[in-house]
């Protein structure tokens, strides 16, 4: 750890779980002031800024670059290779797929899943991009490669199959724009 | 704990995790006969009746009032400030948002998410109410402030955006009443 | 354990959790070469072939028969009485209901939930069947008794209420066939 000073790590949390898939990425680099709660596991090979907060049973895999003051709540998983800005909130029971980009200040409500594999043949993985300040509602699903625009609002339960313009409000399955 | 006698708590479960957000709420008050399985965490500042059963990796936050004989299965989260009656079943991988009310005998199937923040600006939180004996299907999403009536049945995958009358059957996205 | 040789089990994982519901099923039978990560719990009374891989906080209940080279990722639950073939992939945050059958090579994307109780009265449980090589998209929900055909593709966020023919592509809520 680059700086565990001031951090508070619950017993039973794991900092620096081996990244068996990519063992040469180096150690976990975790900024100061982290609060990591029981059952959470942060992998080697990721870089996380100051002020990380996790709930319980959170998993952050390797090869992620995560900014400052990011909160990830209980039972959420951030898979490998994600780029997450500062001030991002990932609520409970979310799954953030490999190669997802989440920009500063975006909010993922509980149960959100991002995906990266349109055919599920596990050949090419392309994560979606959630732009600055976008808000994604509970249990929403974001399809591979989709861009959710800055400040957009995705309704609860939406299945987002196309790009969402900046500031748009979308919902439904498939999600459609409802009002600007 | 007020009464841990007769209870069976797995190694690795945490009874009385500090409620850092609200440290003055007092200890966890857990009734007798609890069965709490590994990885589960019950916070200080909640009151839980006799006969609690949890699966694994369950989180119950502070400021909750939970009745008797409630079961909460693996990887579910009950966030702070919820009121949950007796005989309630919260199945696996559910998320129960802050200030949700769940009355006696209601059933949440796996993957259900309740929500409390329509704009996701985190200003006003208003949880939904699930009335007595209602049954909520797998992966359903219940929007903020919605009332699901007594004995109502919400289909799997439904996104419930409006109040549901007592005894009604609703499903779809958005959920609509289909037969009485 | 029949063969833990060559296996690698993280500290904090539990092999052989008591099956309190069915204590006479015998021990966990886990094939060689398993990799079980922290927080995961495998119950007594299940039989799992060689090469099991789990992420973190995975629960596999009793009375399951699981083939070779199965991967189950973080925060997923396989409930009791399931039959799972070889080479199956169950991704993160999934819930596999009691009495679900998943044939060889099928893939469940993150957040998939299978269900087994149409009325949620907990009288008769009938799990769905996911046939060989079928792929189920993120956050999809599969209703009780439904058969998803071999090689079928279920889109992200789909709610599958009817049988899906072999090789079909379905999506939406309710899921409908879109192209062969």
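Every chain is named by a letter (A, B and C) in the order it is written, and numbering of its residues begins at 1.
Basically, a residue touches a chain if its C-beta (ideal position, glycine included) is under 8 Å from a C-beta of that chain, and two chains touch if they have at least 3 such contacts.
Remember, predicted model here, so these are calculated numbers, not experimental data.
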Angle of rotation relating chain B to chain C [CA atoms, steps of 5 degrees]: 120
Classification of the chain A:chain C interface as same or different, half of numbers criterion: different
Gap in Å, rounded to a whole number, between the CA centres of chain C and chain A: 24
Chain C residues counted as touching two or more neighbouring chains: 12, 39, 57, 75, 93, 111, 139, 173
Residues of chain C touching chain A in the complex: 12, 35, 37-39, 55-57, 73-75, 91-93, 107, 109-111, 135, 137-139, 153, 155-157, 172-173
Chain C-touching residues of chain A, taken from the complex the two chains share: 12, 14, 17, 20, 39, 41, 57, 59, 75, 77, 79, 93-95, 97, 111, 113-115, 117, 119-122, 139, 141, 143, 159, 173-174
